[in-house]
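In the two assemblies presented below, chain A is common to both, partnered first by chain B and then by chain C.
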Partner chain A sequence: MSLSDLTKMSEVNKELYMKVLRKLAEEKLFGCFQCSRCTGGCTAFKLLELTPNTVMKLTKLGFINELVDSEIIWTCASCLQCTERCPQRASPYHVIIDLRNLAVERQTKVPEGYLRAVSHILETGLMQPMEKVTAKNMEIFERDTLNLPKIAGASEKFKAIFLETLGGI
Partner chain B sequence: MQLAVFWGCKILTSQYAYEMSVRQVTPKLGVELVDLKEVNCCGNPIESVNRLATIYMSARILALTNEIGLRELILPCSRCHFTICETQYLLATDKKLEEKITSMLREENLNYTPDIKIWHTVDLLHDNIGLERIRESVKREMGGLKFASHIGCQAIRPSYMKRVDNAENPRKLDRLIEALGAESIEYPEKLDCCGAALLFSHQEASLSLTGAKLRALQERRVDGLVTSCPSCHIMFDTKQENSAALIGSKLSIPVIYYTQLLGLAMQIKEEDLGLHLNKSPVDAIIEKIEKRSGRTLQF
Partner chain C sequence: MRQANIKNGVLVLGGGIAGIQASLDLANIGFKVYLVEKTPSIGGRMAQLDSIFPTLEPSIKLLMPKMVDVANNPRVELITYSEVVGFSGNSGNYEVTVVRKPRYVEEEKCTGCGKCLEVCPVSIPDEFNRGLCRTKAISFYSPYAIPKVAVINPEYCLRLSGKEPCDKCLEVCESKAINFEQKTEKITFKVGATIICVGAEIFDASKAAELGYGRLKNVISHLEFERMLDPSGPTCGKIIDLNTGKTPKSIVFVLCVGCRDKRFYEHCCNIGCMVSIKQAITVRERLGYDVDIYVCFNDIRAYGRGYEEFYEKARSLGINFLAGIPAEVRESPDGSLYVGVYEKILNRLLEIKADLVVLINGIVPRNDYAKLSQIFNIPLGTDGFFLEAHPKLKPLESPVPGVFLIGTCQGPKGIAETIAQASGAAAKVMTYLSALGNTSQELLE
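For the complex of A and B:
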């Protein structure tokens, strides 16, 4: 589904619109005047057809359900060019992040990598498990064979607060 | 100078070479690194899941720094650097948020203080230690070698908050390379993204970004690509073969952390710098340095 299709699809959900706009107001969404400098510098535009200025416009118009359900919000490469370039200090990156948060809250399709990261953090505090690495001579190394110090994972209290903040996913 | 260090997940769990080389070169430049008592993820990937959780996680790293009584913290990972600097920026501008985060941290008797000074490997070496001291530490000059630098998106943007270098024209990493006697080229693709953040959702697009940048560099015949971020390094080094297969080119570019290169210039042993762990052909760089070293002064 492309973004241009979205505009033809549905009615504005007013209640959701207000709720999200209040949150997005912090990202200075309303400063956007569609100059499209963000899209001009967007890493994901070339490859995945993300046009940050359209995301800004659609959010402003209230097509939030559509954006949250769309895969387009997951194409951002987090290069921060849009945030850097915006002459109005609006930040498409942060709007996309808020839309992603909303997608997670509503349990729409979230890329698996993020959920894996969450479950690793709940296990050890870090986003991925310790890896064994293979050197060029095929010898396998890990932290202690490389004389790197042991790392203490995060406390149980941290994991509990983290889980609570996520709303018990 | 004593500095607290938080390495971040990528370095602690797989990019051992970066950790080894930073641990090797910093004492030679008068910096003592002190590890935090415990670590959690800085929250960078979790920003897409829940932003409040991210702010809590990165504020906790600052509180843990406070816990060991140090006022300065080095974050060698650009993504950790961005997330933790952003938290510091947000908490300084939003009192209500600061109160909320402070009370979450207090449940563990941790204290958040806003005044911790944050460094990245690049600005620590460039601004604090200084190019002069780096030049003095060089035992093997690298004249004749030509490198490209890649500082990484999240280290330099957005410029309204504290960042490592200029967002449009970052030169610090280049000057650090030049301090070793080597050349650092300017190239049009210098600011192009490595694609690491897309790996979670769009693997092929992510690898094609990596491949495109490496192919452009190969055409410019550089002796290597110098990195300073573990996420970028994974893309250009570990995933170089995968990205070559995806874009249908043969890629063979040595990719090396700046601290590894600095360590080589300081004549630190290769295996202490983790050079045997780089997947790209870094042997080519070592050979070239050794070929030249016959002509340089031995100290």
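For the complex of A and C:
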């Protein structure tokens, strides 16, 4: 390959690059001219040092293996602020999602929290775990003591569709 | 006040696109134009280009009609292969002395058949193709030479250099145009105004030794690459690795060579960014996605109309722009080149294995400016280019009345600005000469 990184000793994978290239709509990746507005407003950057502009640059140059194996792509909070603000209509978010899909496809280690969230959705059909009702004086109530209706779990039909969608996992 | 003996002739010095456009404009108004060109053919730099940015139109397609127009215009006197050696007189009445170098071929007789090229035994490096291929000691300056008259290079010609009494071209020439006795000829004429558009040179990158130009075969300048891309050039438009002749797998463009560099020239060459983008797009269009293209830049200055969109097009074609200029180009024993770039955005040192490295050499002043500056009494700026009377209010005028400066000799610029300046200067000449008191009828007699 014609490009190599002497700092991290990673190599470019052209085949993979072409695959990702085909997958991504042109404007989602290629418009990027490194204004780094995405990183400036990134929710995950403040806590977890995700730099979407670097992700864009590395993907464009073809250092895809390195990104897929790294944990940084899993820190994106999917707030979509980068997509909203990009002056070139590129979308770091979509690139990161594609990289995650590639990671799952290759059965790279997916962070535990993600797996937990997936299994929670499968069990309950809910995005977030159910919390108990807390009053102003910090008194905690169970739902049924307040005569609130019960929340139904995930239906069989939903589970079937969900599992089908997940495919590989 | 009406002044006597104001001349209505105009000297246009330099037969590039600036000189051609200015001559056409002046001749169409009705002025007598003396178009003096140093090389054997008009056309200048633009004739050497493959295409122009941002439209990617073939350069020669746009230039050729203008070249033919100017050559056929009865009011334009084409004085090629000549240099101005004297310029004297005062406002509106200058005397110009021009030295015509001998072609050893008579211009009126030569038909441009090219038979002499076939028989000439001496092969020499082709200047028009920047030494990428060879031509004969008797040759046409370029495939599009106007006037299409052969020229003998006296340094290499066996007979003129006194090596052998060779007369092969003399024998084969049907129109008896070859004349080994031709001598340098001096001509003088009077003009009312002058337009100087002698153009500029590109930086000689062998001075920046770390990049290996002149030492490594596959490190070439953008003008050489332009000749390579040209379908009428030495490789017929094929992009090749100059060592092996194969199609390159990876091409690196290096911007700002010799310019924005205090060791050489401080100014920005204005067109380098767009030239690299144009060439990168051309490579992508011709070779597809099998070739990796890297453009190493300081800043991308895409300032003109349609330029930013052109840059966006380059990005959408998967051309990689790396923020950082290579420190050096190294050659491995197998002949491939290694280019190390510290990428400012990634904060990483990247290494590119390249088959071809194209240096975007800046536009720099030519060596003969000092001589011309003395002849015309026009000062040179600190950057080495001719100095206009005022950078904002009088961008076309020189400090000498009736002498105008256009094109790259006044500072680096692209084709669009050069043509705009040429038409502007033609209008200025008209204003200048009529302001001296001549009515338009007298001027355009």
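Note that in this section the second predicted complex is superposed on the first by the 140 of 169 C-alpha atoms of A that agree within 3 Å, B and C clash if a C-alpha of one lies under 4 Å from a C-alpha of the other, contacts with A are read in each partner's own complex, and residues count from 1 in each chain.
Note that a residue touches a chain if its C-beta (ideal position, glycine included) is under 8 Å from a C-beta of that chain, and two chains touch if they have at least 3 such contacts.
Predicted model, so just to flag it, every value in this text is computed and none were measured.
When both complexes are overlaid on chain A, the residue A:127 reaches chain B alone and has no touch with chain C. Contacts of A:35 after superposition on the shared chain: neither chain B nor chain C is touched. Within the superposed three-chain model, A:88 lies in touch with chain C and out of touch with chain B [touch as defined at top]. Applying the stated contact rule after C-alpha superposition, one finds that A:113 touches chain B and leaves chain C untouched. Touch criterion met: A:136 reaches chain B, while chain C stays clear of it. Shared-chain residue A:60: touches chain C; no touch with chain B.
Between chain B and chain C, the partner in contact with more residues of chain A is B. When the two complexes are overlaid on their common chain A, residue A:18 makes contact with chain C while staying clear of chain B.
By the touch rule above, chain B contacts chain A in their complex via residues 9-10, 12-14, 16, 19-20, 23, 35, 37-41, 45-53, 56-57, 60, 82, 104, 107-108, 153-154, 157-160, 167, 192-193, 195, 197-202, 205-206, 208-209, 274, 276-277. Looking at the complex, you find that chain A touches chain C at residues 1-8, 14, 18, 21, 26-27, 30-34, 36, 53-54, 57-58, 60-61, 88.
Interface residues of chain C, counted against chain A in their complex, comprise 249-250, 289, 292, 294, 300, 311-312, 315-318, 320-321, 323, 340, 343, 345-354. Listing the residues of chain A that touch chain B in their complex gives 43-44, 47-48, 74-81, 83-84, 89, 91, 97-98, 100-101, 104, 110-115, 117-118, 121, 125-131, 133, 135-137, 141, 143, 146, 148-149, 151-155, 157-158, 161-162, 165-167.
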